[in-house]
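You will see chain A twice below: alongside chain B first, and alongside chain C after that.
Here is the complex of A and B:
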């Protein structure tokens, strides 16, 4: 998927996560801020990377501000930010690239 | 569950949830409503419609709702959103779709056509996704019977939406609901004639417990199947009022038994506790017992 611009999804409410995605030279880079970083930092990063790879997104910098989100929420926000950044607004591949 | 059972399942409480808010989505089943109304429409801001769909899809696919029915409220047919809403609801495996601002049988058929397309696209079981219609205008109420009959194999029922209905009738909320009487009654008559369920509108003042209770009692007296809700704290009150009491269940059992026994002896009409009884009382009594069974409070053997 072609990333055209920077985009953000999610909020800073409890149980949510705010994901910002922007074009970036080189490999994907994921930066996580979370109050449970020591415990779940690795898991959050893996979840973001897995979601990006399902969507075939390369060359982005992702900033994640976690407020205690479940994995399904992290996925939802990364997917939303990616499609916003790609300028796609309909015809989403539910069950395909969006797993 | 057979399609017939799915269409007629117990729906005393149908609680709205904003599909965009993860905190609400993840543990709504804890409050044990009969159904959840996962909202993509009014609760979601115009610029977050996409985010709500991603959040909904992932919740539908991962959260175990423990048997609570999951119905998705899609945006109105006059918006650019409803087609994508239908795709995500079907792809996520939602039990049904609530059509907002439904005014004609054609509206139902349009939605059903797109559900069929989505079931095909995502390889979902054909016919799985049920529909219900929210009637929010005088035209919707006048067309209620046609709407109820528009798709018998998928239509579970109709609900009235008080906010928009009152506005379009140039009326506002009154305790006792005089302004809603015609709309509620017409919709109930249409739903019963068509053999589908019928649900009342939300009660928006969550702190007015007594006003809420009075409205739910009236709903039950009028013959509604259940009510749309906006807060978990409204669920217990609805279940208490809509679930038959111990006394109602005993009376229903006595009626069914007495009519059977008398009929076996060739007697059609007789009195029980000083009240006239005949075969016409049986369906009502049987419904009470069925409702008690569905609500998990029946311990008898009928």
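Here is the complex of A and C:
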């Protein structure tokens, strides 16, 4: 998926996560702030990277501000931010672009 | 060395003279000689003990480097006394100070700076939160903080394990000789039970008030016979934060579900009979349990004998409706509690020793039937943590939790299965503050687990339609939802010692490693 512009998904409510995606030179870069960083920081980062891979998204900087979101929420917010950043408004590749 | 709750107690702690925890009743019938304060006699005629300022009081008690000062926490997050006194001690250039408080909170954030400056080198408390919790968790305090339950603190003072040089007792009212009460004035906090042991065992006792009343201020909580000096200041606290005006009735459906489960557990266990005794913590679901219990009392024609602990409106309502014979009060959380202790003839005040001290000849908690308590975490061995957050930082207070859990015939812990992404029911709690052997029933929004050591309670509850689960099932369900947490990144350095009620070591808290928590 081609990232065209910066885009955001999610809120800063408790149990949500705000994900911002921006075009970025080189490899994907993921920055995580989280209220549960010590216990789940690694897993949040893995979840973001896995979701980006499943959508075949490269060359992005991702800023994650997590308020204790569950993994399903993180995945959904990353997907949504990616579609918005890629200008995809229909025909979503549900389940990931790479099968 | 591994203790009885399977925590490794480092040699460094044993070298300080500590024994590892060996079970809640290890010290049963243990004999000891109580410590005693050094007292300055006053046989002469005396008009007043009033001094002009805290500074004058520090001079009068011959304050020196290395001293231990004590405070109570009846003013809760509205307290000004700790900061007023510590600022004066620091301004006068003293150092190497130990604070031995019944509890400390965010109101005492300025003390964090004195810890970082190396002026405050020891902390002994029940609660530690806010900036102080942060700096201690990051290893800035010179010696490990010592964390005790309310009862454990009284025991440690009476046995001489902690010796208080100067006790500063904030008092809503006092006369010029130091008869002090929780009643009256502009900072009315109801009772002063936490400070009683300080007044009797500290070498020097200074009462600090913002409302001087005529002699004698009777009946006093703190007696003039124990008081050296009285200082009047403008404000000892913020009344709005001392007592909240509105009872905090939870409307969260999850809280109410758990509260209803708690009430039903009580209804169907054998101690639910006329005259039973009861305590709840101040958490949302714990307090809400009172509401669900009330119709059950009426339905079965049962009246409680007594309620103890921190008191707020739900307990007062039961008293006024004639559903409990009396309240014996250690602390007041709201205006309803304060007004009741001042006006109701069967709402009494007691000292913390009488409430919870395992070192006396029987505290009230020893006769408690039910207690409902909250938790930050509970592990599969029913061990409870109420002191460290999921980030490993000190942000809580054992308070009366370990005391009431140990004493009560049926200790009910109520907590949601998960809080956000934090699994409340986990494989291993960060810090053990209450040993699992004292926990009988765990109530969560996803089901109720009975400690296998209580087959009698399990059998009783199996006759109900309550959703019974094993604690392992609850823990696995929590992890399935939020994922298995990574271990916290701790360094070697011990920043706090969690004492069991009897003074043995339940657990230690280690310095948190902020680099390790970067999610790498």
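Going forward, the second predicted complex is superposed on the first by the 96 of 99 C-alpha atoms of A that agree within 3 Å, B and C clash if a C-alpha of one lies under 4 Å from a C-alpha of the other, contacts with A are read in each partner's own complex, and residues count from 1 in each chain.
Please note the rule applied: a residue touches a chain if its C-beta (ideal position, glycine included) is under 8 Å from a C-beta of that chain, and two chains touch if they have at least 3 such contacts.
Note that this is a predicted model, so its numbers are computed, not measured.
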Item to complete: Report clash or fit for the pair chain B and chain C bound to chain A in the combined superposed model.
Response: fit
Discussion item. Quick check on the superposed pair: does A:5 touch chain B, chain C, both, or neither? Answer first, second, both or neither.
Written reply: neither
Practice prompt. Scan A:36 for contacts with chain B and chain C and give back first, second, both or neither.
Written response: second
Worksheet item: Touch check for A:70: first (chain B), second (chain C), both, or neither?
Response: both
Worksheet item: Counting only touches as set out at the top, which of chain B and chain C does A:94 meet: first, second, both, neither?
Response: first
Item to complete: From the overlay on chain A, compute the angle at chain A's CA centre subtended by chain B and chain C, rounding to the nearest 10 degrees.
Response: 80
Worksheet item: Counting only touches as set out at the top, which of chain B and chain C does A:79 meet: first, second, both, neither?
Response: first
Worksheet item: Which one hits more chain A residues, chain B or chain C?
Response: B
Item to complete: Could you tell me if A:15 is touching chain B, chain C, both of them or neither one (first, second, both, neither)?
Response: both
Practice prompt. In the superposition described above, what is the shortest C-alpha distance between chain B and chain C in Å? Please give a whole number.
Written response: 7
Worksheet item: Between chain B and chain C, which residues of chain A are contacted by each of them?
Response: 14-15, 69-71
Practice prompt. Quick one: which bits of chain A touch chain B in the complex? Just the residue numbers, please.
Written response: 9-10, 13-16, 69-73, 75-77, 79-80, 83-84, 89-92, 94-95, 98
Practice prompt. Within their complex, state which residues of chain C touch chain A.
Written response: 390-392, 419-422, 481-483, 485-486, 488-489, 512, 516-520
Item to complete: Write out the stretch or stretches of chain A touching chain C in their complex.
Response: 14-15, 32, 34-45, 67-71
Discussion item. Can you tell me which positions in chain B touch chain A when the two form their complex?
Written reply: 21-23, 26, 50-51, 53-55, 57-59, 61-63, 83-84, 87-88, 91-92, 122
